[in-house]
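Okay, so chain A shows up in both of these, paired with chain B first and chain C after.
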Partner chain A sequence: MEQKKVRRWNTWDNPWLNTKFLIGISIVILVVLFGLLGRIFWNVELAYVGSSPLNLPPVWQGGVPEHPLGTESNGRDMLAQLIVAIPSSFKVGLIAASVGMTAGLVLGSLAGYFGGWVDAVIRTLADAVVTIPTLAVLIVIAAFFTMRDTTSMALILAMFAWPGPTRIVRSQVLSLRERGYIRMAVLSGERPFGLMFREMLPNMLPWIAASITGNISGAILGATSLEALGLGPTRVPSLGTIINQAQTSSALIRGMVWWWFPPILVLMIIFTSFFLITTGLDEIANPRLRGLNK
Partner chain B sequence: MKTLYKLISVLLLLAMLLAACGGGTTTDEGDMAGEETTGEETVAEEEMAENPLDYLNADREDTLIVDKPGRLQGGDNWNPKVPGNAVGWGMAQLGFESLMILNYETGEMMPWLAESFEGNSESTEFTLKLRDGITFYDGTPMTIDDIIYTFELEMATEGFGGHFTWKEWIASIEKVDDLTATFKLAKPNPRFVLDYFSVKIAGTTLFLPKHVWETVEDPMTFKNFDIAKMYPMATGPYMLGKVSENEVFLVRNDNWWGYKTGFQKLPEPKLVIISYVGTEEVRTATAIDNGFDVMEDITFGAWQAIQAQNPKWEAYYDDFPYAVPDPCARLIGLNNAVEPWNDKEMRQMLNHVMDRQQIIDIAYEGTTTLAPTFWPSYASMQPYTDLIPKDKWEAMLTPDLDKATEILESKGYVKTGDYWTKDGVELSLEIQCAESFSELERIADVFAEQLQRFGINAVKVKLVDGTFYDNSNFGNYEANSQWFTCGSVNEPWATLRTMSGEGAPIGETPQGQQNVYRWYNERYTEIVNEIGVLPLGDPKIMELTAEALEILYDELPALPAAQAKKLIPNNFTYWTNFPSAKNPYISPWCWWTSFVVVVVNLEKATN
Partner chain C sequence: MSTINTENLILDAPTDAKKVLEVENLRVQYDTPRGAVRAADDVSFYLKEKEILGLVGESGCGKTTTAMAILQMVQSPGRIVGGQIRINGRNIVGIPESELRKYRWTELSLIPQGAMNSLNPVIKIKEQMADAIRAHENIKKKDLKPRILKLFNDVGLPERVYNMYPHELSGGMKQRVCIAMSIVLNPSVIIADEPTSALDVVVQRVVAQTILEVKERLGVSMIMIGHDMGLQAQMVDRVAVMYAGRLVEIGPVMKMFKNPTHPYTQLLIEAIPSIKEKKPLKVTEGLTHDLRNTPEGCIYQFRCEHVEDSCCNEPPRMYQVGIDHFVSCRHAAERARSMELLGGYHG
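Our next item is the complex of A and B:
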């Protein structure tokens, strides 16, 4: 019987050439580059209070070329604010998601592999934390602690970013530990740590990649919410802080669209791109989703 | 028929004569704000409610809505003598009343609950005579016993606001008759009436009904909140009708003594709502939508938005600067009990970094003036302002970063990276501000940025109002953006006093809640005490004030930041006759006890 030839690595079958993933990652790279390279081409000192004339509209509305996106009522240049704010918001997302994911990996692996009381304790804790209304608690914590910088805010967000990954890693480990290669590794004398992080972890990488992008997006949303409520660090601009300052200074009602709209637009772009990356990674990791089973 | 017409004509004539003679009795306290009229002339009986709570359903055109920029806290506590109460939400303005009201606009001291309150030539004895006919909401007459009882209770209860003040000043109170008492002071105080009983700035002494409070077991924990019993029991033209999460409803007291005695007319608004709606953005939108009639204070930008979208709103001035000069100068308060700010050179260093003109340009968008004083830059204060040492004054007009650097280097600080450090520890400053004062927040923002640029890691921290005041009183702060040297408007003592006094450790409130800066200078306190007993206008006051200012501007326990202005617009859609530069019958402050004068004088726009 003639065996059907399967072309797995044809140019268009390469899973990493997933359109959604590529569009998403390209947008993220562009946004990050805007934040990183902008510092080379634009004076970011203009992002701070009193560095520029007040309330200038953008250049296409009669403003001046020195402040192409306009300025706000505390004398901050909008372009410089965005250049500083974008990496700042990404930083919060990356730190919170990384810490949350690392904790989730460790706890989920322990719970799934050892089972018994270890599993009971970790699972109960994770289930309990998941039910807590995160934003409300974050508001209380943020009001109590002084947010001097974005790192402290990211760490506070990370406190609530671990239960999701923990639960999912646990379920993955529960499934993986029954696989033959794991049993073989056990028979070969591999220790639990090696089993969890040398044998099982590589098999979870596609899922981890998809999950962490979702977590980054969630952390950015959490941080932006706190900042928009006025609970974030106030000096270093971030996307949420700009929205908060625009709101408290009546920018909307004063018709200063150039103050409140750019950070919202950037957030929309960021969230859309992360959504595309997550969906794309899902398709890369799961052949059924990209139609290879047809 | 002709006889009948003659009879009718005579009867009509007689009726008119009777109406003219008996229609109203005027009293001889003629110089009050607004003309004294009888209530019958202005309010028909059928417009009155049998139950004041019926006014909770008043129509919009019968309702006055007053904006409040901060959240309601302690909405179940209407005990006016304990911290954290809610009386500032309308009851302090329209429920409780002051003995006297100082009219900033005319300079006149207006007797209100008092008929007179005068001192002897040594300012050691003051005689208070109450008006006849004052009653509480339940009809119980207010007599001098209620006044004496309030002082006695306050002096006996350490946690009450005026406890230390009255213990300091009052030696004894003697009842003369049901309406009269004589206060003997422990030491002369020429400002006794001005400072404590005349709404000099915002507040005044509020009096308690003896028949209610003498039944109270613990005055400190008594909430004074029971609408069915008409608590908080007071005497004013409005009483508490309802309290919701962010609104307080005050209903008109048709039996107000002021109306019944012909002292004032019955105010036209049947319902007054004090309302918090959220951020300035939301407040502005609410104002444009006629959701407010009076706004407490807004930024210049918000005013531009309101003016552009609802022409019925008017500011105190028709044109720039629109705002009214505020009697409380703005400062960056420093906690002199914590390192390194317990070192006067470090405080001077901060002063050299402060660029006051930039604070005015940004935080006030240019709507105020440069005058680094602890008191307002009123013309009446200019002779005292002129006593500030010239070199110190000049040094405060422009920043001097070289001098600031010199001081830090002499203290062993080195600039490593972005910040000054000493022994590896970064020099930082946390500036606290209250969430309801966007103006003070903006000052903190600008100053923090100036410090950052110089190399001090300064941050602004926004706190809920209650926490902000507690931190200030108990010394749990490094720096704060505030106005606590408020006091002087026509003489220097009241402001100078706010920085004098004995030491209080962190965690305890300084005596009389003064000197929250915890800066204790013996000579300065001596001078302030000496000025305090001199009669107003005594030439020695100038000499002593000059010496006090020399110490103050050398030590700088706090840093004067800006003269304040308040932009308080009014909506003429439903109500007219708000005070303004064109019609300056009283100051426009809606959070002051003098606001009762405004409300009494309001007229319906439909009239």
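Our next item is the complex of A and C:
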């Protein structure tokens, strides 16, 4: 049964060769590589307080080549700080988004499939959590817990990341379970968990893929805001902590652009590339957005 | 030769054939704020071994509801309010879901209406077939493929379908996949819910032939739902005619077409256009009553040509008028009896 694969009318019509998606994903990969490979090429010990001379400007503003991006008022090398901060921010985002998403998928499927009191309990909880202003509660929680590492921070963020996915998955499952093929699967003896995670879940993949990137950038944003307010783990440098320290040391007034601007630039790059990935995935999953009808 | 016993309402098969499925006084209703809709009311029939029973009637007469009730898949707000459904002698109404799983697909399977919606678009055909098998049997991985390919062979599908997604198949192929799915576990009864209604006539013929072949090979009994009287005439052994949630006549297909007894059956058969003679088509006149408000007496009284006062007072029972032939009309039963007395009925 060897058939020659039919060539598309344009080699570049492969949906995965979506410009937005490719640009977005390559920027994310570059940023992650910068964080991961930076450790090999640069001494991350320089991220500790007092490891370098104070207040050096970057090399193009008359600094020294030993500290190309300059140093700040506590004697930390900016390049080393960024190298350490980027992976930890990504870690927070990934953990918070995947925990929240997994919880959302499980709870939403249970609520949608079983209905009745299971649905009532899950729906009420999710609706209640959605109405709570997240940042305010996070600040209160962060004030009570001294967060030692980024993982506990990610888990606290995940506590508020599940209601969104739960509600959407629930509505999807409600619609999916009335489809003919789900009823056929019920008839053919598939068990409820098989129905939920083998039959229904793959149908939600485009949505899951598109929303997980949004959730990651949301979690990074949440973590950064807490850190910028000084509520994050202070031992490990992270993008938010750098902003916080720059703020408390009046870097803005002192004209130390090289202190407060790099973390903001990195965040902007991360959010833009995640946005590109989300829209790109949307176009990949939905041919109409790709403009194939033109 | 059967005797006509108008007092006898027990549907006893006079033949020795084994009854694989018996439906007795099945009642399904849909509860609505403005009263319960009686979608299946006092439906009783039996299905003999290796028999195809056609279930016909106009839209909304309760064909699909009856079939779904047999599969115990009536959707809320519908529910089975009474009656028994026996498969090989065992009642399945009201048994728990876990018990039911043992019957579904192994004893009772479905060829669905509209195959395009009955296959999961994101799962390969081989996986969907395998799922149905694995839900009931512990089968080794290496035995799975030959078994599925054999099923494909049975329904005339090429082997390449094994590795395909549903969107890569045509409508007729999808319907054949559904037929293959319905026979994976060798059930004793298959319910085919308008299996050919969404296909063009050429594919319809092929699919109908496939169903017949499969039925012959496996020796299963089938219930064929449909409103295509022509297709029914070619495929089924017996026809059951439903009207407004009730069974009005059930009998051998040749007899029913040659000599319909119930006025509604007569109307249905006269409404089939003939290619041999040119005659004005008989149009079914009148409207079905609101199913929430079933009249006393015969349910067909508003559309019947021969309606009498007695029809409006007392509901008719199922009267036996021949071998495997029952009608729910007093006058029709009497007419049939007089014809038999004249010796002209069992021709």
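Heads up, the rule we're going with is that the second predicted complex is superposed on the first by the 281 of 294 C-alpha atoms of A that agree within 3 Å, B and C clash if a C-alpha of one lies under 4 Å from a C-alpha of the other, contacts with A are read in each partner's own complex, and residues count from 1 in each chain.
The rule is short, and it goes like this: contacts are C-beta pairs under 8 Å (C-beta built on N, C-alpha and C of every residue); 3 or more make two chains touch, one makes a residue touch a chain.
Source: prediction; values computed, not measured.
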Touched partner set for A:Ile132, first chain B, second chain C, both or neither: neither
Partner chain(s) touched by A:Leu17 [first = chain B, second = chain C, both, neither]: neither
Which superposed partner A:Gly230 touches (first chain B, second chain C, both, neither): first
First (chain B), second (chain C), both or neither touched by A:Gly180: second
First, second, both or neither for A:Asn203, with chain B first and chain C second: second
Touching residues (chain side chain A, partner chain B) in the complex: 48-50, 54-55, 73-75, 143, 146, 148, 230, 233-235, 247-255
Interfacial residue positions of chain C with respect to chain A in the complex: 71, 73, 101, 104-105, 109-110, 112, 114, 117-123, 131-132, 135-136, 158-160, 178, 181
Chain A residues within the chain C interface of the complex: 1, 179-191, 194, 198-199, 202-203, 205
For the chain B and chain A complex, residues of the former touching the latter: 279-281, 284-285, 288, 299, 301-302, 304-305, 309, 358, 361-362, 365, 430, 435, 438, 442, 445-446, 448-450, 452-453, 457, 459-464
